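The same chain A turns up in both complexes below, where it pairs with chain B and then with chain C.
Moving on to the complex of A and B:
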């Protein structure tokens, strides 16, 4: 480790890092703008200036940029030399020439990196008295607000959006003092990761548009460490609340999972928490079919009365917490418990559970995925099924450029140089899918095959790797690419609902492992706690079909809309059987409507629970705010129900920690569940971790509009967090970090004060506990491939997942619903031409069981005989993956109006302040 | 996804066959298609006087670039015109040699005669006036270019000879 001197202070620094990183690691406050730990240095903003001296005698030195200067043994720098501090102040002053003084009305105010840096360099008085540049802002869709006047031209947005996230439609335009960052023309930012611009921009150019509509300052937000429930990746998030509303979601750093970035479903898809279709009170269905709201106790008494001594079955949920599912299983017993997957998915999940427990391959975290140097994706459109993983894959393909850079002796953080060196050379990524995926643009090979053919192709790869003769040249090529890699990664998953594909992915990964030890196998699954539910799925439990056939006297459904799991016939059978259905859920849905008694459930933001992500990492989310009305967490309802009926085991459990402990004790798979996060007894220097910042304002008055009496702060008796400003938020365990803030660092850049070192894990470790340790015995099963028999004029239905639209809960957010559009069928150009339809026309898709009218969407590549359909959309719930369908043009189809953009709005609506057009 | 692709698939047909042929000739000299971006913009501008949004998208499609990427190139260069210009563009040097030689007064004179300021086009669409930092003819300052022609040692006489005496009213 080299030693450097900064202002005479001797520092041991990491080999190969730059001086800016060394300063930040040493806890020194060196201002910067354009540098980002995940994106490296380009030296464009000139803010991190220091003075470097030739030797001990040199007293004059020269200005250097910290982010562009590698540390070298014995190098001498000064942060505090007068010419360095003057230089840094001058840089900020020059940025302030054009930066508007609109902090009071700017959404970034109070968490603005530019504000922090301006204060840090000591620039106070503006000397410039001239006019400032003004720009036309663009309408960038419902998620991101654009305010170009505030831009300080650091290039971070463009570098993040284009270089890091692979977006195409945001760029730098013009030059010198009229530089502009935006689209070619107004319209939706197309990247699924556009929301990160909000956090990447050091000032208020790109801000969170839904948040603007119900804005609060960062210091006024109450936050808690939480986990995104949008998919199975388990990104760590920091939601903020005020006035009982979930205001926004920010990224919460987890070194091994999401790092600095979220997808747009995760960031913007929580609006449903504030939805009008939330349930507030328990309800009992009256004779006329309407629900009568009843007090909590009456509901509990009724439930107890209904289920005591009866034949009770229960359906859990892969989107509910481990604790809730565990209690539900205990309540009714293994033989009466279904984990809540559809029957086909349950089989697949049981297989995936077995694979994860026995595979020789490494089940990678996102950090691992970024280290892959050859990638094979089988069947999965990762950007739409596990978005954050796709962002990691986009980084993995850059490993080729890092190899090239290393040969040249170029450090990885020299971003522009490394990109220039590599040009379009990338690590190989082979995508085998039925149709377009959102990673096609950076894939080295894209192969279009029907699902059953993908499995056959997988078998051919295994054969080729084993040296067996195969006539499939493409398979031989893929085998060669994978075998010549140091760190190959196979990605597949449950979204195609095709067991053969998953099995082949395992076989390929394990075949690689027999030759090298580091092959990785990442299996995407559908929901936030899919793996947790799979681990809790009892061997002897009934399938959904069996459960319905048994016609239990009472059925308990927890956080599960059965319409998404059952066929229409099954659903009707269930309702007709005279089974009394008790459902607990967050939002109104078909299952609740068909139930006899409903219980209102707290959303993830109002409750505590543990979710197990696709890598088997158990992570805990804590309530951000107290649930309003009579909502309770599912596990709280179940504890109360257990107590009401005097359940032998459950009635002994009093609180969340006891539930966790009981679950850890009764299931070997969950033995380490208690390590997911500290329990309720945790104290940091005698205090719980505060959810509120120390500048939280109006605490005693903010509800004066309802009641002038100062309310007592709610007490949290279940978690190590407090509804309070008192306590420290500093270096506690990582799973308990509600927000980041450090003196002088009000923006999210204060994260570096929480990291043990730049871009490293947090000082409090890495949140979460991996539950599944594989035995390494191998999981390969002999492939018995089931080929689909095609019929003339029929097409095979292939599910297509969508970031915005396929997820059950997030589509109840207005902005997400707008982006999701309506259910669609995706056709190849040839099929569309033959039918005589174009994008936006209507087509009738008819299978043996059902017929649906769907909007046409055109694919750029598609396997023979395949058509896609929007998975998880309400219009397409009746369609089944892999079934055969015929197509005909829909009659009397009304094409949807193309979405209006802001300039259209100007013509129709003169209201100033409506949309973004007011600034134009 | 595809909606955009469909609409844009025949976008390059917005370019004339002649333009496409000239761009293709440039493509032969570059390792990456995007390397011909500046030349392609110049080709289209030479034919049409400026580069419209449609043309820009046509070129982007032809060079397999995103619209934003090409827009970045097009707007970076002052001499790629993204708005219509007059029949002749006056590139008026306001750099240091010309400034010492009194270009400010000459600019005022031209502006008054044509009734336009920097960035504006005369109502009869004959001239657009733009400032330029240097034309490489400092020894003959003050200088300007009118279309492809370099005008050196500009003085009142030359201004009168070129633009007449009449002072036009600035357009609203």
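Moving on to the complex of A and C:
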């Protein structure tokens, strides 16, 4: 480790890092703008200036940029030399020349890196008397607000959006002091990761639009460490609440999971928590079919009365916490408990559970995925099913450029130089899918095949790798690519609901393992706690079909909309059977409507629970605020129900920690569940971790409109966090970091004060606990390829997941619903031409049992005999993956008005003013 | 002995001097315009609410007695949806006035705020807002600051040049 001197102070620094990183690691405050730990240095803002001296005698030195200067043994620098501090102040002064001075009405105010740096360098008075440049803003869709006047031209947005996230439609325009960052014309930002611009931009050019509608300052938000429930990746988030409303979701750093970035579903998809269709009170269905609100105790008494001594079955949920599912299983017993997957998914999840437990391949964290140097994706549109993984894959393909840079002796953080060196050379990424995926643009090979053919192709790859003769040249090529890699990664998943594809992915990964040690296998699953539910799925439990056929006297449904799991006939059968259905959920849905008794459940933001992500990492989310009305967490309802009926085991459990301990004790898979986060007894210097900032305002006025006598702050007796300002948000375990703030660093850049070192894990370690350790015996099963028999003029239905729209809960957020649009069928150009339809027209998709009218979406590559349909949309719930369908043009179809969405694609009629001529 | 006599003399003398106290409330004392009494929200010279709901007053308040929520008008300008001061907690320190970037919140020389019911000490926006500019007759934040509003386009704020044409190559 080299030693450098900063202002005479001797520092041991890491080999290969730059001086800015060295300073930040040493806890020194060196201002910066354009450098970002995940994106490296380009030296464009000139803010991190220091003085470097030739040797001990040199007293003049020269100004260098910290982020562009590698550390060398014995190098001498000064942070506080007068010319360095003057230089840094002058840089901020010039950045402020065009600043609109609108901080009071800027959503970045109070968490603005530009404000922090301006204060840090000591710039105060404006000397420039000339006029300020101004810019027109753009409409960038419902998620991002644009205010170009605030720009300091650091290029972070463009580098993030284009270079890091692979977006195409945002960039720098014009030149010299006319520089502009935006789209070529107004319209929705197409990237699924556009929301990160809010956090990447050091000032207020890009701000969170939904948050702006109900804005509160950062210091006024009550936050808690939480986990995104949008998909199975389990990104760590920090939602903020004020006045009983969930205001926004910010990224919470987890070194091994999401790092600095979230997808737009995670960031903007929590609006449903404030939805009007939330349940407030328990309800009992009256004779006329309407619900009558009843107090909590009456509801509990009724439930106890109904289920005591009866034949009770229960359906759990892969979007509810481990604890809630565990209690439900205990309540009704293994033989009456269904984990809540649809029957086809349940089989697949049982298989995936087995794979994760036994595979020879490495089950990677997202951080690990970024180290892959060859990627094979089988059947999965990762950007839409596990978005944050796709962002990691986009970084993994840069490993080629890092290899080249290493040969040249270039450090990895020299971002512009590394990109320049590599040009278009990327690590290979092979995508085998039925149709377009959102990673096609960076893939080295894209192959379109029907789901069955993908499995066949997988078998051919395994054969080719084993040296068996195969006629499939593409498979041989893919096998060669994978075998020549050091860290090959195979990605597949449950979204196609096709067991053979997953099995082939395992086979490929494991046969790579036999030659190399570190092949990785990442399997995407559908919901936030899919793996947790799979681990809790009893071997002898009934399938949904069996459960309905048994027609239990009472059925308990927890946080599960059965309309998404059952066929229409099954649903009708269930309702006609005279089974008393008790369901508990967050939002109104078809299952609640058909139930006899409903219980209102707290959302993830109001409750505590553990979710197991796709890699098997158990992570805990804590309540951000107290649930209003009579909502309770599912596990709280179940504890109360257990106590009301005097259940032997459950009535002994009093609080959350006891539930966790009981679960850890009774299931070997969850033995380490208690390590997911500290329990209620955790104290830091005698106090719990505060959810509120030390500057939380309005405490004696916020409720004064109702009653001037201030209510006592709610007590949190279940978690190590307090609804309070008291306590320290410092040095705690990583899973208990509600927000980041450090003196002088009000923006999210203060994260570096929480990291053990720049871009490293947090000082408190890494949040979460991996539950599944593979035995390494191997999980490959001999593939029995069952191909769907094709019929003339029929197409095979392939599910297409969408970031905005496929998820059950987030789509109840206004902005997400707007982006989701309506259910669609995706056709190849040839099929569309044959039918005579264009994008936006209507088509009737008819399967053996149902017929639906859907909007047409046209794709550039579609496998033969396949059509895609929007999975998880309410219009397409009746469609089943893999079934055959016929197509006909829908009559009387009303085209939707062209949206301000993906303007590049939507053909809008040109507006022709007087004297203008239309462009030809 | 001498000292006691002197004291009695001094007290006797005071019987003939003018009283410093006044017969409040019959006689009102003079309070300087900068006296820190009841808080008001003022309007800008154009008659609009000055408050832009920036939350700085609430943040600086040492007793946390100010609560507000930002909302947006149709033209994009910010204003407080509600603005509440709990005067039963207020210590009239004037820090909110100092923090206010728009001269919206001002303290007045009125201190007569006694109530029998403490709940009446909670003032909402309609109780706080006055129809005047208070101590600062000229200032309108939105005319100075570089944000687009209903009455001014980009480039029309103080010291601003017309919006840049990004398609032009001219300097």
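Basically, the second predicted complex is superposed on the first by the 899 of 920 C-alpha atoms of A that agree within 3 Å, B and C clash if a C-alpha of one lies under 4 Å from a C-alpha of the other, contacts with A are read in each partner's own complex, and residues count from 1 in each chain.
Heads up, the rule we're going with is that a residue touches a chain if its C-beta (ideal position, glycine included) is under 8 Å from a C-beta of that chain, and two chains touch if they have at least 3 such contacts.
All values derive from a computational prediction rather than experimental measurement.
Colleague: So in the superposed three-chain picture, is A:175 touching just chain B, just chain C, both, or none of them (first/second/both/neither)?
Modeller: both
Colleague: Look at A:137 in the shared chain and tell me whether it touches chain B only, chain C only, both, or neither; answer first, second, both or neither.
Modeller: Only chain C; A:137 stays clear of chain B.
Colleague: Report for A:184: first if it touches chain B alone, second if chain C alone, otherwise both or neither.
Modeller: first
Colleague: Which chain makes contact with more of the residues of chain A, chain B or else chain C?
Modeller: Ranking chain B and chain C by residues of chain A touched puts C first.
Colleague: After the superposition on A, what does A:839 contact: first (chain B), second (chain C), both or neither?
Modeller: first
Colleague: So in the superposed three-chain picture, is A:101 touching just chain B, just chain C, both, or none of them (first/second/both/neither)?
Modeller: The answer is second: A:101 touches chain C but not chain B.
Colleague: Going by the contact rule set out at the top, does A:216 touch chain B (first), chain C (second), both, or neither?
Modeller: Only chain C; A:216 stays clear of chain B.
Colleague: Between chain B and chain C, whom does A:698 touch in the aligned arrangement: first, second, both, or neither?
Modeller: Once the two structures are laid over each other on A, A:698 reaches chain C alone.
Colleague: After the superposition on A, what does A:708 contact: first (chain B), second (chain C), both or neither?
Modeller: Touch status of A:708: second partner only.
Colleague: Of all the chain A residues, which ones make contact with chain B and with chain C?
Modeller: Dual-contact residues (chain A): 173-175, 180.
Colleague: Within the complex, which stretch of chain A touches chain B?
Modeller: Touch list, chain A to chain B: 168-175, 180, 183-185, 423-424, 436, 838-840, 857-860.
Colleague: If you look only at chain B, which of its residues touch chain A in the complex?
Modeller: Residue list for chain B touching chain A: 1-3, 5-6, 32, 53, 56-57, 66-69, 71-72, 75-76.
Colleague: In their shared complex, at which residues does chain C touch chain A?
Modeller: So the residues of chain C in touch with chain A come to 52-56, 58-59, 61, 63-70, 72, 77-78, 82, 84-86, 88-89, 101-102, 118-119, 121-122, 124, 141, 144-148, 154-155, 157, 159-169, 171.
Colleague: List the residues on chain A that touch chain C in their complex, please.
Modeller: Counting only chain A, the residues touching chain C are 99-105, 109-110, 129-137, 147, 149, 173-176, 178, 180, 212-217, 219-220, 243, 695-702, 704-705, 707-709.
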